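Chain naming follows the written order as A, B, C and D, and within any one chain the residues start at number 1.
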């Protein structure tokens, strides 16, 4: 099984950027609802990016002459708020499509809401497996599912680092999922049991006890699965505890978020992780994107949550263009169905994501986890002006991890 | 302002008149009046407000319960969300793992919360004021952490797909249908709180709040009533938790039970009137509505809430309920004085 | 047989002995006075009898044939001992009527469960209690203030409410802790006549702690004098008045007979 | 896991070093409690503000670390005094003197904590800020590496406690503070400026909290949400050491720190935060005067 086929994709996106057709005679608004976690600075930027991109679509004439009307709401990564937002957007704003959410624990209940209401939901950031395993026909995931990340990570770790791995897992949905999947992948791919496992609070600040134990366990690598700031603290403390750099630090997918290198500083050097997008990507579209994010939001190397937010808007744009929309009150349900089917028809979208994104009609994870390409990235330099390198790029088999 | 006051005065007079005919009459009437609310809301606004009505009913259960232990019995507890969480998780677990129906899981969840209420209440036997606040804060937060780190209780992903209650072929799976359930629960909860608080039990609670020594000397078993208040409020919290867990989309997560939720609850009873029989109800309705209306100011909203709380405690310690009471009492007093002077002249 | 009997009653706070080996018998139907200078242990005695403090080992308190030495306050209250407090300790946020209804607590004819399952009976019985309490308020002349919060009453009215609250317990023994403190002479007379009326009507036994000696001398059948937690004299008011030890303890030695007489009658 | 003494020693050391920080925050909480009868539920946010002040002074303005520490303490003290003066004083006076039964003050403290947290959020945002301070190479104790920042924390904690002790026991102002703590009415009659002393107590306590914030910055980075958990741990520390006792606060902090580290090491790492709460509840239930029994008065 050669999953390391290193297919560097350099396809342009010119077609995607072509402006929409001339405005049709009758124009109405396509309503877009967005609920995202906007309590962190980057969280706010992701939301802003979605809004900005939608504005730009409108400025260039909208979609088939129809303007997009977006409503952005904050769910603070709390499921009850996310649910309230989704219901409000669906019933009050009568949105045609719902974008959200950032956190897996918020996306999970919203899947049920959109399924019942019959509203297409497209997920920008959540990686938890269960989101698509629920079997809703209305949900689409732009990021890479956690199951793929684990496979890539485990393969690389087992072959290049070693089999004695310690795990520190934070108690948020994405990290927990990454951590569990990684452990089961290490078991199934390499027959390796974890050398040390500890679950810590979502915002744990003191890891020294764990680090001391890991140090005396003499491991080959440490997997730290946590949200960015927690991970950064753990990384710093792993060096403070005197665990040498020869023990590789493996991050969960949130390691790509910029707070990790900027808070951890030198401790971020050598950390590697799987993500959907590498800022070190050499494709022209990636270079352009990096430039744009830097200019607009002042972020040096955008993490994959930026690229996913961007890809999401582009995919939505394509789908909305292809959908036959009436955009009046009587046809709301029909329009929603049309948009859903149009998203399901998006095939081989080549954007910022490291591989093509394709959806299909069946309500299965195979169809709805559209992005299967993970890229392995390592930090070569920490601090505010961090640098990354791409170790490998892998497209996983569609059934992997099910 | 006076208009609002007099409306409340009118309402309370009408209620008293109705209650004179039959004590359940006002309740039945209120229930009948509130029953078509989803249809009205749907027609006037949209279905989102039905969801909000559901939320309000659940919050009423929570804040009425909290008001009993805190406002009436004077026990400073800040662990109420922990009990709410216990009710939610146990009810959800029973229907998820054993496949039992809501009608079995829900009472068991309430009972579990009630038992936990005894545990939370035990410190109150020895501790008062700030110490009790610390102990209950610790207990409440421990519950949340236990849920957050135990895979059985949902851990990081939360508990998914908790089934909606059914009666025969009727399923409470839409917010309109679920509203009938939570409305009934909230009405029963309010009714029970009224009967408890207006009986000897309620007077004993207040006596314990005012002066434990004097209460004991006058025959009130202080320990028993403190524990009773905790257990009653825990039962309320458990009921609210169970209803929250089974409410569509049937999902609970440990971050629904944080200190922020506790502060919101506190705001409800403080705003509504701590120790006022209507306090929890008024507070739950107003806070939920204001909360929804200020959603757009998400960065300033918590600031607004915190500041409101501080200012109310300082300038309006009896809350809205207390203000209305004072107005009604003044009016009554003026009327009686006028009567007297009329009789004299 | 005395209604209340204490045997070797002692209480120490740390090293300080507030009450030591006190033997007091209070006969049923009597009015018993308890006097003594400040810090002589009068209030401590009250607190021991009503279970607010636990007495030292070896003490014994017997009320109406029951050993109540280790009983909890609320049980003692249920047996029929009612008391007032020096600082009143009214339930100030509650109305006057509610204060009295708390006093009636031990006689409430329904349990907690019936408040939930049989509310109509509760409402009916509460209405009965209410009218009973209103009668009591009439007796003490506070019926007009029934719905007023206790915190808004004047000092004299508050004393009456405290008395009413104690009477609502339907006690056998009523213990009054300085009932006349801070009252004007007119109010004192009023209060005493109310107490006497209540005693007659309900067949009470009354124990009074009082600083105003006139009150004690005029109303009591028996007077016990305490000093430093010990009994230094007991007998009829007249006997006590002439007891030299009492006068010394109470007033110091330098007073002549005239001054003593003045002090006891003013 | 095999038992070895080197690890045990390491866990104890970790417990002590983090426990001292709990202790410093608890010191302020105890000071406010013994002086004003207030349990200050917004103290965690003062600590967080202190950390941000330190960050601003040391990184944005470029002051040396010790200077930034002092400046942050002063700023937090001023902030604390302002809050006390504007909000709490009305409440404590309205409640009849400075003894408050609790409810209003506790709710007000909660509200204040939300307010402060969101003000900080609006100023500095939610992202964690790194607070790197170069103190040189870490100490090497056999197998254990101990960064100097931890040692510095312990030193500052001891210094703070000693200074506070000296201030309260040996200076005239300290005597006035103690008089106010003992009885406000009598202190007032003796000609002590009670309101000013109360401001002083509050300011001192807030300054101390800020010191803890600046000290922990380099270890854990600075974040808007850092106050809440610290507050809970500091409460546990204060209660374990005996609420209102100053040496007890530091000792209690160390006990809490050791308990949670040993618990995480030998019982279950998942429940690390619960151990502090368990200790808090156990102590409250069994011996509310604290483990060391230093405190004479327990006010319930």
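Note that a residue touches a chain if its C-beta (ideal position, glycine included) is under 8 Å from a C-beta of that chain, and two chains touch if they have at least 3 such contacts.
Because the structure is a prediction, the values reported are computed rather than measured.
Peer 1: Given the contact rule stated at the top, which pair of chains has the most C-beta pairs in contact?
Peer 2: The largest set of C-beta contacts joins the chains B-D.
Peer 1: Report the chain whose CA-based centre is farthest from the CA-based centre of chain C.
Peer 2: When every chain centre is compared against chain C, the largest gap points to A.
Peer 1: Please identify the chain lying most centrally, where each chain is represented by the average of its Cα atoms.
Peer 2: Chain B is the most central one.
Peer 1: Which integer distance in Å separates the CA centroid of chain A from that of chain B?
Peer 2: 39
Peer 1: Please tell me the distance, in whole Å, between the geometric centres of chain B and chain D computed from their C-alpha atoms.
Peer 2: Roughly 34 Å separates the two chain centres.
Peer 1: For chain C versus chain D, what separation do you get between their C-alpha means, in angstrom?
Peer 2: 48
Peer 1: What whole-number Å value describes the gap between the mean CA coordinates of chain A and chain C?
Peer 2: A distance of 75 Å separates the two centres.
Peer 1: Would you mind listing the residues of chain D that make contact with two or more other chains?
Peer 2: Where chain D meets two or more other chains at a single residue, that happens at 121, 270, 273.
Peer 1: Among the residues of chain B, pick out those that touch two or more other chains and give their numbers.
Peer 2: 145, 149
Peer 1: Can you list every touching chain pair?
Peer 2: A-B, A-D, B-C, B-D
Peer 1: Can you list the chain D residues touching chain A in their complex?
Peer 2: The contact residues of chain D facing chain A are 1, 4, 6-7, 10-11, 14, 18, 121, 125-130, 132, 138, 140, 143-145, 147, 219-221, 223, 225-226, 229, 261, 264-265, 269-270, 272-273.
Peer 1: Would you mind writing out the residues of chain B in touch with chain D in their complex?
Peer 2: Per the touch definition, chain B meets chain D at residues 70, 74, 76, 78, 122-123, 126-135, 137-139, 141-142, 145-146, 149-150, 259-260, 262-263, 266-267, 270, 274, 299-300, 302-303, 305-310, 313-314, 317.
Peer 1: Spell out the part of chain A that touches chain B in their complex, as residue ranges.
Peer 2: Residues in contact with chain B: 38, 73-74, 76-80, 83-85, 87-88, 90-92, 94, 104-105, 108-113, 116, 128, 130, 134, 171-173, 175-177, 199, 201-202.
Peer 1: Would you mind writing out the residues of chain C in touch with chain B in their complex?
Peer 2: 50-52, 72-74, 76-78, 82-83, 85, 89-94, 98, 101-103, 105-106, 108, 110, 112, 115-116, 119-120, 122-123, 126, 165-166, 169
Peer 1: Enumerate the contact residues on chain D facing chain B in the complex.
Peer 2: Counting only chain D, the residues touching chain B are 33, 39, 41, 87, 90-91, 94, 101-104, 106-108, 110-115, 117-119, 121-122, 228, 232, 235-236, 239, 243, 270-271, 273-274, 277-278, 280-281, 284-285, 288, 299-300.
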